[in-house]
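We call the chains A, B and C, going by the order they appear; numbering starts again at 1 in every chain.
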Amino acid sequence: MLQLVQIELYKIFRKWRSYIGFIAIGVLGVIIQIAMLYEGQKSLDFMTQNLRDSFVFVGNLLNGFLVSYLILNMLTVHIPFLIALVAGDLLAGEATAGTYRILLTRPVSRFKVVSSKFIAGNIYTFSLILWLAIVSLGVGAILFGFGELIVIRTGSVLILDRADVLWRFLLAYGFAALGMSVVCSLALFFSSLVENAIGPIVSTMAVIIVFIIVSAINIDLFKSIRPYLFTNYMLSWRLFFSDPVDISKVLEAVLILFGHIIFLFSITAIIFKRKDILS
Amino acid sequence: MIIEDKVIEVRGLTKDFKEIRAVDSLSVNVYRGDVFGFLGPNGAGKSTTIRMLLTLIRPKEGSIKIFGKSLMEDRNDILKDIGAIIENPAFYNYLSAYKNLEILSRMSGREISSNKIMETLETVGLKERSASKVKTYSHGMKQRLGIAQALLHDPELIILDEPTTGLDPQGMKEIRDLINYLSKEKNKTIFLSSHILSEVEQVANRMIIINKGKTVVEGKVQELLDSAEMKVTIEVDDVEAAGQLIKDSGWAGKLLSINNNKMVFDVKTDEIALLNKYLVSNNISVSSIVPTRSLEEYFLKITNESN
Amino acid sequence: MKGNIHLLKLIFLFLIIFYSGDEVQSQTKDPDEILTKVKEAFKIVNDYEVDIHIKVDVNFLKVPDSNAKLYFKQPDKIYIESEKFVLLPKQGLNFSPLALLNEKYTALYDREDTIRGVQTCVVKVIPIGNTSDVILSTLWIDQSRDLIIKIESSRKPLGTFSIDFTYEKYNDEYEMPSTMIFTFTIDRMRIPRGMNGQLDVEEEADSEKSGPREGKVYITYSNYKVNQNLSDELFESTEMDGKK
């Protein structure tokens, strides 16, 4: 299995499209940080305006942690697309290229083939999130340094001591990776159904966008559906920036996301095992 | 008594695609050392059958045994000893030929060294271009690479679906020579599907013709062709007299055409000598007898009959 | 018997007059005089440097306890130095009687009151003109030390706050604040939502349901260095946010 995963990773990283994600995150991340360098203080002052009527702020809240937090918020739609771009091609790309015929006539079970693609796709996903962390925290440290993190939600403001922030980011990135793993699994599932990579990419993004819209609209019908939508839990990495951290909610989100991954992978494996290769 | 060693044993193989029955209760036997011709018109079910042999398609009914083992139960074991080209071979175009073969070798279940990969590329004439990306290859080069990947792991059974597509005459000859070499020198079993019937006639010892998913005829190539009628062109010095003679005889039904000094008959192999004797004994000088028996004509006749 | 009743009436009348006289006397305590004494007492300290420990206890605001160094120079220069981020109540931090009392105001003597076992007189200060957003301040003044030990202010539009001071004698000479408790109420918290979006849509509904928000900030002072001739340059630094 390890060999198969290595082969799949090699194939992924030999395609130029796989680098789109890294380039996009690198460029976007740096652009956002440079923008924050020039305009960030104004935005922060505006956001904390009401507090400043009653309080004096000593020290700088515009630091690498705040910028990394904002980047993580901003890229919630962009990153799924970058992942679908690669994951959607994992199976459908073989059909398009006609390489199913050489791949699936080897003495390797179809389950191992699809599993190796699933694992490789997730490794790619995790590496993308790792890169996001490096760009955010690394460039953030260079441009802004680190300090206390202010987390503003409607009705509350939380300021976290700098020594209390890094572990939260590590868990948040880990959780974000889990959320993106669901996206990868979804794209792989769509990829098993068709013979062209465009379909899975568009379908994955359509599902995510529709789910996000349904989650955002405040009518009773949608509210009752919301707990069943995985997009509802993809943003649960924010739970790590509460004090105290609601462990039960975190665990709930982790279980639900894992459940989605297992479910989607199982269906994909079943479909793939029974699929007639006609391409 | 010679116990024939069956390499492929197919029984009652059936496959439907929605309402269309692509393969209908097909049964085939291929023996060790055979160069087995698998023939049929377009849409006969050849490609579907080959894909079922290679587990790319699931049969609706029937059984497949290869090397005496059930394909459903011992798939991986069986595939270790099969090399195949299916239609136009496709590769990872963004990788080099060498890298493509290296990936496939790692999935073959065998230890294949880089030397072996280079040797195989040399066998098919691609050693010089081993580092080039496959997307830069011509159609013929990809075909050669397809043969290379089929032979890389030294399989016992080689399944070739249109192996000479896109090759020039020299290339076709090389493939024929390779098939003969593998069969005769290496005792490989070759399952060959081709629409270039003259190619099959030159290499195959046994064959099956299928049409609409069903077996039309199966057996040794020589025997089938011998039992079949063929065209014979006989050149005579007095074509008018010969024509009159034939028309008044029992050979009239076998006469197809008369053109200049040549008369074309549709006769079996063993009838040629009789026809010659009849003409000569009736004072007709025969200057040449040219049988134009071909698998192609046999094939067309058989498939038309089965339609 | 008649003579005894007459004496009792005289004594009763005397007592009434005496106590009435006292009331009249206390009603006539001069608030301006009281405040002037407070200002004078405050002027003894020209500058100081002190370590402060800040604890924020506000229901909508979670801030870790923090430490800083505070520098003060007359009349109202403040500079805060901290390695970490520090949140400090604006009104209490740079509270200076001189700042409050150098503006035009009307002072009214209200009453005597006892707070935390200390006898105080209560003076109301009403700023005149539109220069301040303070509508009314009430000061509890310990006259024995001429120190303000509590202040309550109403500001527009943000609501009321109060500050409780305790003092300790430093170097047997200076009465310096040892603790300050800043208590405030804000009717509506207008925190923008744009930063993070909503974690949970219900959170928004919950936050809107809750009533006026209040909280406390506790500041503890220690290690005073008084009258060290701090230079004005120190207070020109732009590091501290919110400096006057």
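Just a few scattered comments:
Methods note: contacts are C-beta pairs under 8 Å (C-beta built on N, C-alpha and C of every residue); 3 or more make two chains touch, one makes a residue touch a chain.
Just so you know, these numbers come straight off a predicted model, no measurement behind them.
Contact count check for A-B and A-C (C-beta pairs in contact): higher for A-C. Put simply, the chain closest to the centre of the protein, by Cα centroids, is A.
The mean-CA centres of subunit B and subunit C are about 103 angstrom from one another, to the nearest whole unit. One finds 50 Å separating the Cα centroids of subunit A and subunit C.
By the touch criterion given at the top, residues 46-47, 49-61, 69-70, 73, 147-148, 151-162, 164, 218, 235-236, 238-239, 243 of subunit A touch subunit C in their complex. The touching residues of subunit A, counted against subunit B in their complex, run 3-4, 7, 10-11, 14-15, 97-109, 274, 276-278.
Partner subunit A is touched in their complex by these residues of subunit B: 51, 54-58, 75-80, 82, 84, 86-95, 103-104, 106-109, 149. The part of subunit C that touches subunit A in the complex is made up of residues 60-64, 68, 80, 82-91, 93-94, 158, 161, 184, 186, 189-199, 201, 203-204, 206-208, 210, 239-243.
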